[in-house]
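After this come two complexes, each holding subunit A, first together with subunit B and then together with subunit C.
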Partner chain A sequence: MKLKLTTAALAALMAAGPAMADLVFPSLSYRTGPYASGGIPFADGYADYFTLLNERDGGIGGVMARVLECETGYNTEKGVECYESTKGEGSLVYQPLSTGITYQLIPKATADDIPIHSMGYGRTSAKNGDVFSHVFNYPANYWDGASGAINYLLESNGGDISGKKVALVYHNSAYGKEPIRTLEELSAKHGFELLPLAVDHPGQEQKSQWLQIRRERPDFVLMWGWGVMNQVAIQEAANIRFPMENFIGIWWSGSENDVLPAGDAANGYKALTFHGVGSDFPVFDDIQKYVVDAGKAAGAGDQIGTVLYNRGLYAAMLAAEAAKKAQEIHGTADITAAMMRDGMEALEITEAKMAELGLPNFGPTFTVSCANHGGDALVGVTQWDASAGTWSLISDFKPTDQDVINALIQEDSAAYAAENNIGSNCN
Partner chain B sequence: MPEQLLFAMEVTLNGLMAGVMYALVALGFVLIFKASGIFNFAQGVMALFAAMTFVGIQNGQVPFSHLINAIFGTKIHYFGWELHSMVAILLTVVVMIAMAWAVQRFIFRHLVGQEPIILFMATIGLAYLLEGIADLMWGAEIKKLDVCLTDQTCLPQGINLAIDETTFNLFGYGFFIDNLDITATIVAIILVAILVAFSQYTKQGRAMRAVADDHQAALSVGVSLNYIWILVWSVAGFVALVAGIMWGAKSGVQFSLSLIALKALPVLMLGGFTSIPGAIVGGLIIGVGEKLFEFAIGPMIGGATENWFAYVLALIFLVFRPQGLFGEKIIERV
Partner chain C sequence: MFYREAGDFSTTYRQDNQTFPIKFDRYRYYAVLAVAFLVVPFIVNDYWVNAILVPFLIYSIAAIGLNILTGYCGQVSLGTGGFMAVGAYACYKLMTGFPDVNIIIHIILAGGITAAVGTLFGLPSLRIKGFYLAVATLAAQFFLVWMFNKVSWFYNYSASGQINAPERTVFGVPVTGAQVEPWAMYMICLVFTFACAVIARNLTRGTLGRSWMAIRDMDIAAEIIGVNPLKAKLTAFAISSFFVGISGALFFAVYLGAVEVGEVYGIQKSFIVLFMIIIGGLGSIFGSFAGAALLVVLPVFLKLLGVDLLGWPTDIVAHINLVVVGLLIILFLVLEPHGLAQLWRVAKEKLRLWPFPH
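Up next is the complex of A and B:
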């Protein structure tokens, strides 16, 4: 009898198969502090997409996804603490959501064999996977953004902006200074004059910069801002009556948060993007049905379709697709962070795949490889309609000047490799 | 007139206006420090809290709605009304008075006689507490701030066309002065006049001054310290509301509004922690100084000089006059 019971128990255990752990996706969110208004929608979008996969599809490859949220307050030290406290939970990929945190995590995550996805921020030269084995910044980076803005100006000015003056209003930090080198190269190539104007953190007082813009009368203004700096800049631009259609912000200066405080005066303001805007995509019907209506939304459900919610959702979708790829490559649903890295390096986003996911034309198509961790660097432009209260995509996702950018990436990543004694990852 | 001189004049005028905005924040610090010797680290957060409360009340937002919805499974966010700005301001003042009472009743009443550093630490705690309460009450999203007397008369923003045209006719170059800055200047003048009149000509004002001069002596003649400190925190709350509205009109009401306190510190160092006129004069000097420095020297050294230059200017004053321009010299005998 004892033997029979033991045999039955063993058989039941074998039939059940190995117990699957959750697929853990840490979310280094900032729902508090001065930048909370930007952090909340991103975190909601990131969490809601994984909730959708769990509720609708039963997880990823049959394994449930678990979002492990840790509050950073957009503070670098807290971000590193979050990383240290969550990496042991089987975390598959980190989205640091801050250039400062990304810089701190690059050596740590590489040593721990955990990939980082810094989508549209972080260290631009991490695109070179030959040096940065565990850092990915697809589908676009800051330098792609700088080139995308100039390309858009070229396109809307008959291909010639020589002799024009382009001002860059930037946050006086490593993040804000990122595009300067690229813009200097592009200035030499296309013959426009670059006027960089630094704004001190946090950017609540920008009178000096906008008085200078009023005096210098640039033809176009680009902005690399974040947080309150964006809202004040847009209001100041309206105050001096700078034409909004000639004012273009990077994607971190292009959410509803940035334009709403200025009201009608912000009408026509433009921003770069690497993903779609609005909620007119099939996936949002599923989000409503399986997540919001089921009472499982991460937030109040009032951020759906906003720019930063969509960015969080897009980041989650890319992470989920990379996890699927990793499962496919390694033949197991229960993947590790190292396997996730392989999945990210083999990621291919096609239009057919986007349509299948309920996100047709939502983002650019791109392919990741060992040498190219940044994708195909396609950038679009959006424009704010103040009366409708909506952003519209006014340009397709278009190529950027990789001749200029790749040279800069090679230079910067080679310096990093030499400094840190890093060999080739791809040979 | 040379072009650069015209630009410098425009920058100076804008510096004066910016200085008034800094002084609005500094005034709240001065009021509390003068009456109680507490350096109120929470003054910036009070401005944030006041502005959020004003917008929330005006827009009919249900306070703590996220918390209520999470606990009871409801979906309430708004009462469905839109209040007149003046009514919202009055109700916000009531909330700030309640906050002043709570601060006194639950924090500072228990810390009477403690070292200034303990009181300062308590205000740091208060800052975080208030920030958390503001988040719970009104949410973290950015809110547009509108203060309107009538449908047509709202807080103005943008270039003042009269000044632009007049200066253009005079010099051939139109000066840019923001209408919001002009309004802030008028509001600041009225506010200072009210504060001075209140402290000079009312019984409560004289009691406030008595407490500021000597707590023990004021107590001995029957002045209630509790009452006066609630009064002082209420007045500082009102000043925070004015500062919050003026700064919030520029950027929307959001959590970084609390960082405006950083702009007030050099003003206080320069003008003195105990002088209302000092806060105004300090603000004007810092405003003009930082704007002119950025205009003349900034482009040569990469710009973004305003934040650090304000502190350097204040430090230079500190070396020669530690109590600030108008502050009282503190002599402690051992």
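Up next is the complex of A and C:
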């Protein structure tokens, strides 16, 4: 018994005391629960990219990166526990992959001086860095997504969708409700009719919503779904024979997991994106060589090249680039969370840089500044080919309606600033 | 030897009726209080407060509330999550509507509003029992969550449908919002938990508690000996909901700070509180604490053991947690239906006879 205790204590000591300084990237992942199908590939991609950097380049600027994984199950309480348990380890940036947890962490992380990167989710108005000093949501946010979808519809319908009916099938949560306000503005501007249809968590039951779609006959359906809700919605759309090419999902509703269960019926389904699809990029050769062949792939290692894996990879790449930028600004390899924040604020992603990293044309080019934490808001569209089993980019990353969106962002962030007595951060 | 009545003389009725008649128990109770109030606030850090202490205290209040209804009065309820949501939204509307009033008053008022709503949903209990009542309270759960999601007045028309707790202070110390010190968060929860536990304990020892237990044990017999079932059941619903409402308000305002109703106060919450009282012990205040402690600490403990110490993958540990909780519930239902509280009671009986068991 005594021996056992001593061993346990020794093991705890070894686990607690890191041998040397490293850059800690916590990954609040969810490999369990109703949203695991989305959480697993993202977490794998995020971890694999840092493994690649460690194995190939010897870390970031000579300092090894360490991914600290903590299971949240998409649950806010566990998310808080994970945040508290990892923040003491020198965590540089949080990416919770959950709008609910992001809302939770915004005030906490700001008070603790740790940045949050909610890439394509979270609080949209966090784009206004003047108010949200520690929250970043580059390269695109939900309102860009809403506008991108409408722009795509305008473009493919000769620039006029007035009088058309657009249904929005959304997850009945903070996440799903995000685009409604933008879509309302856009519907006033372009003269289409908006039909919002809420689907309750977790979204397995959508018969009544699709019955309503069948009755109201909208011309287009947009979807803000996540996890099992996506698969069910696409299946239901197939059941009522809704034309798939008129059905567009947000980037969280456009992965292989979502379309495969519906089989051939899902052919032609579209989804928005802010990064490239497929594994036809040089970086994947390196991942194969340094990570997979070395037996160091995260998880089961079967997700490489899927849409959400690529997104995890992209998130890790942006975090690593921001860390490099921070090392450059502060002239030290061993950066802190506060330095990381400065690095994120000075981040600039160019064509040349992406090509250098083995990811040519993988995502939109953008720059981050103090006033603009959201990048340049370029959104692309992908389409599913059921027979080939691949997504392909059918519309390149294009600008969105910033006149409408910026006004809304100003309004929402000003309300937040007033509520919480936040002054200007950028002067 | 130490743990016995002998030598402890009561000279007044008051002494004879005290909560802890055994001296050892009484001093242990004072010691626990002293540690909780005077020692813990000075040594806690963010992690302990956020991961263990505050959820434990808040869940204890919810478990006490549900225990009054289910454990003492025998009315099965699956609406705890919904009633916690009522407490949270009531607290939010009060906080934003009357910013100058102290947060403590808001939390108590939120409990009062929940009590009214709980009484309303308790009305069917006069006609239906058992499974059917469980289903009726389940309807309350779904209806309340749906309503808070649907009616935008409840979340002040915010675009995301989330509610966020603004900063509020008690004696100049912030207890909600981003700038809360861990000890302040802990103290406000502790004060509410202490008050609730004392009130609940004394209610269940008095006339009201006895009438609840009479209804629980056999409602027809209780009616014959003169217990008014209308009064007993409705007071049980009201008082239970009052505690549950306070826990919901604290959960939102102090612990999480931002809440989305479907996610935080869903059916999951109802079940976890029910599991707490099943594992902890139906019809026992101590059991409410024990169950809450077990279900709050267990996942954290398993995570520390599995992920940090043994280096297992996080998803395996999360699944093991589910297996362990499920197993515990089955084992307790089969082996010890009165839960941890009964184990504690048996241990005390043994201790009383120790070291001469005959």
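Going forward, the second predicted complex is superposed on the first by the 407 of 427 C-alpha atoms of A that agree within 3 Å, B and C clash if a C-alpha of one lies under 4 Å from a C-alpha of the other, contacts with A are read in each partner's own complex, and residues count from 1 in each chain.
As a convention for this text, a contact is a pair of C-beta atoms (placed from the backbone, for glycine too) under 8 Å apart; a residue touches a chain by one contact, two chains touch by 3 or more.
This is a predicted model, so every value here is computed, not measured.
Asks: With subunit A superposed, do subunit B and subunit C clash or fit?
Replies: In the superposition, subunit B runs into subunit C.
Asks: Could you say whether A:D280 touches subunit B, subunit C, both of them, or neither, answering first, second, both or neither?
Replies: neither
Asks: Is A:R31 touching the first partner subunit B, the second partner subunit C, both, or neither of them?
Replies: Both: A:R31 reaches subunit B and subunit C.
Asks: For A:D264, using the defined touch cut-off, is the partner it touches subunit B, subunit C, both, or neither? Pick first, second, both or neither.
Replies: neither
Asks: Per the contact definition in the header, classify A:S208: touching subunit B only (first), subunit C only (second), both, or neither.
Replies: A:S208 sits against subunit B, while subunit C stays out of touch.
Asks: Where does A:N172 make contact in the superposed view: on subunit B (first), on subunit C (second), on both, or on neither?
Replies: A:N172: touches subunit B and subunit C.
Asks: On the A-aligned overlay, A:D200 touches which partner chain: subunit B = first, subunit C = second, or both, or neither?
Replies: Once the two structures are laid over each other on A, A:D200 reaches both partners.
Asks: With the two complexes superposed on chain A, say which partner A:A238 touches: subunit B (first), subunit C (second), both, or neither.
Replies: first
Asks: After superposition on chain A, which segment of subunit B among 79-87, 97-105 or 115-123 overlaps with subunit C?
Replies: Stretch 115-123 of subunit B has C-alpha atoms clashing with subunit C.
Asks: Both subunit B and subunit C contact which residues of subunit A?
Replies: 31-32, 36, 40, 172, 198, 200-201
Asks: Sort out for me which residues of subunit A touch subunit B in the complex.
Replies: Contacts found on subunit A: 31-37, 40, 172, 196-202, 204-205, 207-209, 211-212, 214-215, 227-228, 231-232, 235, 238-241, 257, 260-261, 263, 265, 295, 300, 302.
Asks: Provide the residue numbers of subunit C that touch subunit A in the complex, in ascending order.
Replies: Checking each residue of subunit C against subunit A gives 46-47, 50-51, 55, 146, 149, 159-162, 164, 166-167, 177-179, 255-260, 262-264, 266, 299-300, 303, 307-309, 311, 313-315, 317-319.
Asks: Over in the complex, which subunit B residues touch subunit A? Could you list them?
Replies: Within the complex, subunit B touches subunit A at residues 7, 10-11, 14, 17-18, 21, 66, 69, 73, 77, 131-132, 135, 140-145, 157-159, 176, 178, 247, 250-252, 254-260, 263, 291, 294-295, 298, 302-304, 306-308.
Asks: Enumerate the contact residues on subunit A facing subunit C in the complex.
Replies: Residues 8, 11-12, 15, 29, 31-32, 36, 40, 69-71, 73, 75-78, 80-81, 84-85, 87-88, 99-100, 103-104, 106-108, 110-111, 123, 172-174, 177-178, 180-181, 198, 200-201, 299, 412, 419-421 of subunit A touch subunit C in their complex.
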